[in-house]
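Just below sit the structures, each encoded as structure tokens.
Note that subunit A is present in both complexes that follow, paired respectively with subunit B and with subunit C.
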Partner chain A sequence: MREKRPALVITFATTTAAMAAERFSLAQGLPGRLIPVPREITAGCGLAWKAPPEEKERLLLAWEAGGLRWQEAVILCC
Partner chain B sequence: MIQVNAVGDACPIPVVKTKNAIRELRGAGVVQTTVDNEIAVQNLTKMANQKGYGVRWEKLAPQRFAVTLTVGEGAQAPAPEEPECCAPAPAQGKRTVVAVASGTMGTGDAELGKALMKGFLYALSQTEPLPATILFYNGGAPLTCEGSASLEDLKSMEAQGVEILTCGTCLNFYGLTDRLRIGDVSNMYTIVEKLSQADQIIKP
Partner chain C sequence: MIYLDQAATTMPKPPQVIAAVAEAMASLGNASRGAHSSAMQAARVVYDTRVKLAGLFHASGAERVVFTTNATEALNIAIQGAIPAGGRVISTDLEHNSVLRPLYRLEAEGRTKVDFVAADRLGNVSVTDFERLIRPDTKAIVCTHASNLTGNLIDIAAVGRLASDRRLLLIVDASQTAGALPIDMAAMNIGILCFTGHKGLLGPQGTGGLCVREGVEVLPWKVGGSGIHSYDRAHPTQYPARLEAGTLNVHGIAGLSAALDLIAEVGLPAIMEAESALTRRFQEGVAGIGGVRAYGDFSRQPRAPIVAINIRNEDSAAVSDMLSESYGIATRPGAHCAPRMHEVLQTVGQGAVRFSFSWRNTLREIDAAVEAVRELAG
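Moving on to the complex of A and B:
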């Protein structure tokens, strides 16, 4: 298994919100990628955004400016 | 740069040879070790990460890998008496083959299907045991090519011994033959053999 490292994981209220975040981030050249929500956060299904922890402020500021909505941003090993 | 030839050597010999070369550097420098299996790549990468060395690897041929370790100023040289830890060989139990026949997972909305397939390959790379083989054909072929968002996950699995094969007919059809970025090209006979010899087939 791939070595787990601390990562910023951002969750969304809906799948469409997660996909909108991906579209926006790719267009803006923002760091990160869409992943299935890790089991450590929820047993349910869903998509989350994974990025390096040090990019949290830049990412969330850009998302806020772009009118995106998200639920929570946590750091965990995944 | 010191070149180390560890082709044909089983674990822990590639790691032992590489550590000896790093000690010979007597400081900062680069050691490049050539090996013939993914387990050795994994072991060398693990050792480099533990020691804080820079590490990258590339596949030179189907059974040939070059692992380049960069030792920085002040980095700790490995002690001669350090134990060598070998990564386990790929699971010897069920032979699982994953057949990816589409760029999307399931039918319905195309954008959602693409996001699900990316998520599937990511989750697959995080799961133990890893599959023995992943086959990509028809609409799945672009996933192993330039521009695919799943290349990082596929490279990680390949480095851990997963065989990645893409249908050559499909690459040709989609004009992607020169854009394959991971694994090897396969033909229908190999695809049939892999599927028929599998203990378990997963088709996302």
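Moving on to the complex of A and C:
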């Protein structure tokens, strides 16, 4: 198994919300990608957004401005 | 074959739709069921299609676009899930059985009572008649945008204003108008818009859906696999998963997505103009033929691209069969799942021969159909 490193993981209530986040982030040049939700956290949707921890503020501010919806944003080793 | 049964399903499908379905079958996984590349790509296709439909219909957002297998399923979900028990519903004589039968069932179960706006002899209904039927316990209006038999429109913008003023839920069946005429849920005050993907939207059969305005709640009639909230005993309440239990028809949705791109490229104004010209040419062509009667109000525009006719008292099934066998022209005879409209037109026994057009038909095809009718009526 590869080494686990701290990462920002953002969860969603629905797949539609996750896809909206991906589309918005790609269009805005924001970092990260969709991954399966790690078992350490519970989420409605099986997809989560993984990005470098240091990008948390920039990412969430941009998402908020874009009207995106998410459940929680946590730092995990994954 | 000259295919003039476009109101039943559009045919042939555009090449890009066929290609998109084939590509999807070769490459897409199950949307919302995993995060590997093919599942993700399926989820992207589904999401993109929701975005396109939300834009086309001015819906509240992509998450309020719910996929179903057809308009009938969408209408069943809307009628069973959004109309509160104990009140009354207003509908019209123009409706298809996809509206009528769910309403009749609610009525038979004692959950609601239905009041019908009567159509006149041309197949029109007036907004003042809708207003006249509103009672203190009226909860909703369920009506079509266009009759699938005459092509006459209901003035949904006016009905929507009435519904908004009187705080009624407006559910619209856009089976004959989605992809053919502009539909603006916000401006028309539509609470739930039900559509099929395989008619004017040019997509594959097995696609359709409903757009649910923000603030309107619909109880799901089916629950089960959703790909989300898997450990909850109850089905998710969030849209669109709330109403989409089970695997989606991603292959069909991929085709619908390609069709929506084509419609956007051609543009609704050009589609309306072309279909109006074809419809007018056929209607005017058969109008002067002795023994031919066309049903509907052709003085009103816009209308759905449909002209239903009879030749004297000939059985519509026999006429349609002769058109098919002798001229290679595809039409639809019979009742068209529109029993109340046939009662109004007094064509219950005879039915009618429905010619329906797409902007992808040609004037030459229309002229051939007119000549065939002329020969059969001679």
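Brief remarks on what is shown
Just so we're on the same page, the second predicted complex is superposed on the first by the 75 of 78 C-alpha atoms of A that agree within 3 Å, B and C clash if a C-alpha of one lies under 4 Å from a C-alpha of the other, contacts with A are read in each partner's own complex, and residues count from 1 in each chain.
Operating definition for what follows: contacts are C-beta pairs under 8 Å (C-beta built on N, C-alpha and C of every residue); 3 or more make two chains touch, one makes a residue touch a chain.
If you're wondering where the values come from, they're calculated on a predicted model, not measured in any experiment.
Of the two partner chains placed by superposition, subunit B and subunit C are both touched by A:47. Looking at the superposed arrangement, the partner reaching more residues of subunit A, out of subunit B and subunit C, is C. When the shared chain is aligned, no partner comes close enough to touch A:28: not subunit B, not subunit C.
Of the two partner chains placed by the overlay, subunit B and subunit C both lie in contact with A:19.
On subunit A, the patch touched by subunit B and the patch touched by subunit C overlap at residues 15, 18-19, 22, 34-36, 47. Considering their complex, residues 1-3, 15, 18-19, 22, 33-36, 47, 78 of subunit A touch subunit B.
Across the interface of their complex, subunit C is touched by residues 13-20, 22-23, 34-36, 42, 44-47 of subunit A.
For subunit C in complex with subunit A, the touching residues are 31-35, 40, 43-44, 46-48, 50-51, 62-63, 227-231, 236, 238-241. Taken together, the subunit B residues at the contact with subunit A in this complex read 46, 49, 111-112, 115, 118-119, 122-123, 125-128, 130, 149, 156, 160.
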